[in-house]
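Note sheet for the following structure.
Chain nomenclature is as follows: A, B, C and D, assigned in order of appearance, with residue numbering initiated at 1 for each chain independently.
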Amino acid sequence: MDIQTKIDLSRYKAIRSRTEEICKPLKREDYIPQPVVYISPPKWHLAHTTWFFEQFILKPGLRGYKEFDPDFGFLFNSYYNNVGERVLRAERGNLTRPEIDEVLAYREYVDRHIGEFFSNQEPEEKFNDLLELGLNHEQQHQELLITDLKYILGHNPVFPVYQEGGALLENGSSKGSWINFEETIFEVGFEGNGFCFDNELSKHRALVNAFSIRNSLVSNGEYIEFIESGGYKDFNLWLDEGWAWVNEEGIGSPLYWHKIGRKWNQFTLGGLREVNPDHILAHISYYEANAFASWKGLRLPTEYEWELASDQMKWGERWEWTQSAYLPYPGFKKAKGAVGEYNGKFMVNQMVLRGASVATSKDHSRKTYRNFFHPHLQWQYAGIRLVK
Amino acid sequence: MDIQTKIDLSRYKAIRSRTEEICKPLKREDYIPQPVVYISPPKWHLAHTTWFFEQFILKPGLRGYKEFDPDFGFLFNSYYNNVGERVLRAERGNLTRPEIDEVLAYREYVDRHIGEFFSNQEPEEKFNDLLELGLNHEQQHQELLITDLKYILGHNPVFPVYQEGGALLENGSSKGSWINFEETIFEVGFEGNGFCFDNELSKHRALVNAFSIRNSLVSNGEYIEFIESGGYKDFNLWLDEGWAWVNEEGIGSPLYWHKIGRKWNQFTLGGLREVNPDHILAHISYYEANAFASWKGLRLPTEYEWELASDQMKWGERWEWTQSAYLPYPGFKKAKGAVGEYNGKFMVNQMVLRGASVATSKDHSRKTYRNFFHPHLQWQYAGIRLVK
Amino acid sequence: MDIQTKIDLSRYKAIRSRTEEICKPLKREDYIPQPVVYISPPKWHLAHTTWFFEQFILKPGLRGYKEFDPDFGFLFNSYYNNVGERVLRAERGNLTRPEIDEVLAYREYVDRHIGEFFSNQEPEEKFNDLLELGLNHEQQHQELLITDLKYILGHNPVFPVYQEGGALLENGSSKGSWINFEETIFEVGFEGNGFCFDNELSKHRALVNAFSIRNSLVSNGEYIEFIESGGYKDFNLWLDEGWAWVNEEGIGSPLYWHKIGRKWNQFTLGGLREVNPDHILAHISYYEANAFASWKGLRLPTEYEWELASDQMKWGERWEWTQSAYLPYPGFKKAKGAVGEYNGKFMVNQMVLRGASVATSKDHSRKTYRNFFHPHLQWQYAGIRLVK
Amino acid sequence: MDIQTKIDLSRYKAIRSRTEEICKPLKREDYIPQPVVYISPPKWHLAHTTWFFEQFILKPGLRGYKEFDPDFGFLFNSYYNNVGERVLRAERGNLTRPEIDEVLAYREYVDRHIGEFFSNQEPEEKFNDLLELGLNHEQQHQELLITDLKYILGHNPVFPVYQEGGALLENGSSKGSWINFEETIFEVGFEGNGFCFDNELSKHRALVNAFSIRNSLVSNGEYIEFIESGGYKDFNLWLDEGWAWVNEEGIGSPLYWHKIGRKWNQFTLGGLREVNPDHILAHISYYEANAFASWKGLRLPTEYEWELASDQMKWGERWEWTQSAYLPYPGFKKAKGAVGEYNGKFMVNQMVLRGASVATSKDHSRKTYRNFFHPHLQWQYAGIRLVK
């Protein structure tokens, strides 16, 4: 992270309060469960993002700061081996205590002390960078909070509504025109004054062969064609591990889709609704994205192609699976200490997604951003862009 | 079930309200999780016991009764294949909705209609029997509610207190004197006017060989001796599957015991406390009970020995593991329909426990009662009685 | 074991050579695999039975005896913790060395030294008993050898023939007449001069309630009726864990049965053959035996009923599942040391079978013999006898 | 595959007989087991490679050809969904029949008919290409045959010798000098007249940033330093999934290494030997290669860097893990039908290895060859080359 902007308290407050706003429509019961291991309970997101500021700013940086509760470091550390022991990831859903109220008090306590931290001093560069990282971390968790609470509600047999209206999914999809690129050399990766994660560094030259990329993402209607033509039953379209996944898990549609009679319905944050064929497809895995592209006789973009084309195409409504595995850029350097565990140690067995989604927080996307997930995961608002 | 007593509404109300009373000290968050598959969330216990009355009494028996919510049959059926589809057992902890308030409203709604049911008519025999079964079922769940909430709280790293004082575990243990029995023929099983479960029937003659049984249960102190002398490390003391369990699960003490420095502590409903060597041991599996008895050169009682001796010895504070597998009595008959699934289908791979425990509801124990669990389970208040 | 007969060398030789005779029709490849964990490779049976004599007779009892190969103790110990480390049970099928020829040389070497052992001395009582145990152990393994090699051949898609003709399964089944018993007290367990296992001791008085037992075992034809009437699809007939087993494993018939067109065929040691409805059923689990009996409105015998009735009924062609769990008799005592691990440590989660089967070695059955297996296992020649 | 060379029969025979030569030192028992799912039994390799020629050449191409045995298609198909049903991969070790002799007869039969095929006709281009593929396929299996039989022998507690002398591992390792490269554009992938696999196509331009690469591979001695300095215990060096693998599997050294007293020994095809610190390291996973490079403050090469540098460095003794995930080249096209399943469907979750190893068949390596394995696998002769 090489950040030259100064954090001010009002931005801190705005981002922090957005997290609480997302939780407003939840019932208290919704804060607790962890139905699968890669989902975290909303309560855990509220506490963990707060722990980050306490651990990395207040404890080392605010003279006389007294931890809210010494147990919280153990309870709400996510995966930082450098910071000590922690609750097993799979046990997050069994933590009935601290209660929500206490977690909210924890947020309030830490926010108050961050205010004090600001009033005492102009934060030195190290803390400025860590604050910036903490805010971006909070925004990442806002996105996960939305997709995780959708999972929790969407797997309840009564399909509870999060928000009437819940326009999150209602994006139109323009018809696809193709944008053509000649072979070119360009510079990949982040450079500039703003914030970026370490995995976007360092900027380096790369050659991209000629390609054409579609301006619009794949629509629900296109995907229904794939399903109806037997796409989930033709092994020739699938990666070997994708085919095993389809069969072992009994997959036959995007996550949250339910065929009722002859109609496809989907669970949305506004409840169960009929699938609109014109809207942009979401909630598919890399395996599905790849099989769909094969069925079309096309392929997914590489992350370099995507970054090159990004200025000329519409993006930001779905995370887009690329054909690139998540690997370090040439010149990538892991930071020292706990912060070094942020990204680098996940660079195997995951695929890169580019773009942003309807669940992404404002000001939390840029064309160099590299998201990454295991190829079987469907719970993000991930979609498909085609290349030929 | 051959029941000649009439149920009256006041007994119904007393038993039902006891369930809510047990839940009083809980925080709302505590109602949700299912940390392991054999634990059910408190919310689930509240709803499932209520469903039993709705399903078996109100729907068939109260003219014009309208279900509280048609989804609840699916959500809160436990294992009755005859009653239709249901939520997978392992998913009970992911049901954030209905909320607690709605479940409490469900209880109130059903209780009100049971009142109406009583006021309309003297319940015919069939419904009288099902009401009696429903109340005994509720009492069984009261016991599970206590042991399940103990598990939920006891696996939280902060060891929350359920009830200050929490005298549940504080039972003294008299020193053991031996009671001798000559070979005798006696009648095993229930007979009489009160309620019993089908597995206690039918009464039959049995011969029991001469034996001596200890008047008191094994104390914590005696069990500490077993631990300190290497009991968990000597394969000769263990059943083969018990030895595998000890090693795979890393078992080295009763559930809820923690060695802090040189002292044994245990989580109780009153919080973490030092183990009192004079109190009665609890929370051990059949494997541990069996290994302890082997270490002593003694054995556990059969359920026939236990029933024969029960009039002459003190019991009721711990469920007591017997050396008897859970099997049908001669002449056992499964009831027709869903109620027939209550007990009979579990008669394999489980061991019988006799007695009752500090978590057992008042008036819910008798000497012919047969409880049963898999041999590796520790979360009940189960203890050890010795025989030679 | 309380044995008053003296072992002579000719009996030793006869029993030992029987093991090799069973292996004669095998191809060398058949000696190796372990397709499931409860099956042992034929090579392993050949070596393990030999190890028993080396370990318990020759090493302690023959002055100057030199082990054939010091590695063999590690390789061919089955489950005796007292005798030291051993190859994991699940790895038996990966032992390509020692080769068969070396294992046969091992047998020859040990047999030769046993001959020497006999010529030196009249074996003292301790060794006489261990020799007797070793021979009975060998006979038990002969039975397992047959059922294990049947499994290995029967799971090969080309269904290899073990022995043309292979009359093993061709037993007729008389029609069932019922034998009635009044309530009676009798003595259960072994007593006398011959050999018995420790689990048949000690003899004790027991009361058996009145019952009727069928003279003949259930035939294939009767079982086909059960299948055709939907027996595998009606949960009401099954124990809960049996129903889970049927569904998880996709069970719909006895082991080795294949429906080809409209005909039931079965793999036999003589190859694939049409099922003869008059022959006695085999290769069913306890769960299936229990479900079949439920379907008939009847039940399986207890082991006490079986032992009482054994003098008046025909038995010896199938192992017969009883409704009794495998538990110690009153007065059961585990022997000291490794021999004490023979039986006692398996006394949980298994069901008793009584009788003997077509795979049982001559002179290796008696009415007090207690065999035992987990309730889901089908690979023995186990059948069904009914009681009402 | 774009092949312009003509196959002649003598090359066919030379390659085919090499497979049998590798098997010569085996005992018959060694042909059978499959100790883990990714290992195939030697017998299976012998038959499967033969099936390839029968299936793709003789059946479609030799008029009047009669299959050796119609069951073999089912038994020895590996993973070609297009060719029909097959034995589950995990069951290969349970196939005791056909016997080795029959498999060798199968080889002889197919080879004879291939001879006939050649004498009848100049093979048309389609068959020429398939023959070429079949021979390269056979050579791939020769390598696997060696590494699989090493696994089988190396996991036997008696460590059998495959070949006295067994010089396979005895390669010296020159000290490492660094070769420097400036940023350059070059063409990646295969082009020319010889054979290549589809995954090496199509040739395309790529830009490689400046880098330095070591001329020699990492030696055992360097790796021992890593171990002794606590490399397996420092989570900061490991990928997250690598760290989980180390802990769950209890990994603390390369495969086949055993510490006896204070000395590291390794199982080789010549038996158990002391590790020579000057020899080249082998049998490590990608996770280990990556952790070792991190410990050095260096990294692994990308496959593009490797291919670019290959002309200037020594290679061919170990497969070398690269930092590149196995993905399609731009312009990659899957062939139609079964042959299209050869490579493409594995392009996810695996890492590329470049080079060749001591187990690679002569004439079966080239600088564009892309091997690939899952990141946790250790059983290949895989080593480490460093880049800075």
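Convention: a residue touches a chain if its C-beta (ideal position, glycine included) is under 8 Å from a C-beta of that chain, and two chains touch if they have at least 3 such contacts.
On a predicted model such as this, the values are computed, not experimentally measured, just so you know.
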item	value
Path length in the contact graph (chain B to chain D, fewest steps)	2
Most widely separated chain from chain A, with each centre as the mean of CA atoms	C
Euclidean distance of C-alpha centroids - chain A vs chain C, Å	58
Distance between the centres, which are taken as Cα means, of chain D and chain C, whole angstrom	44
Between chain C and chain B, distance of the C-alpha-averaged centres to the nearest whole Å	37
All touching chain pairs, where touch follows the definition stated at the start	A-B, A-D, B-C, C-D
Residues on chain A engaged by chain D in the complex (per definition of touch)	79, 81-82, 183, 185, 204-207, 209, 211, 235-236, 238-243, 286-287, 290, 299, 302, 323-325, 327-328, 330-331, 340-341, 345-349, 351, 375
Residue numbers on chain D that touch chain C, as the complex places them	27-33, 35, 43, 71, 74-75, 87, 91, 93-100, 152-153, 155-158, 160
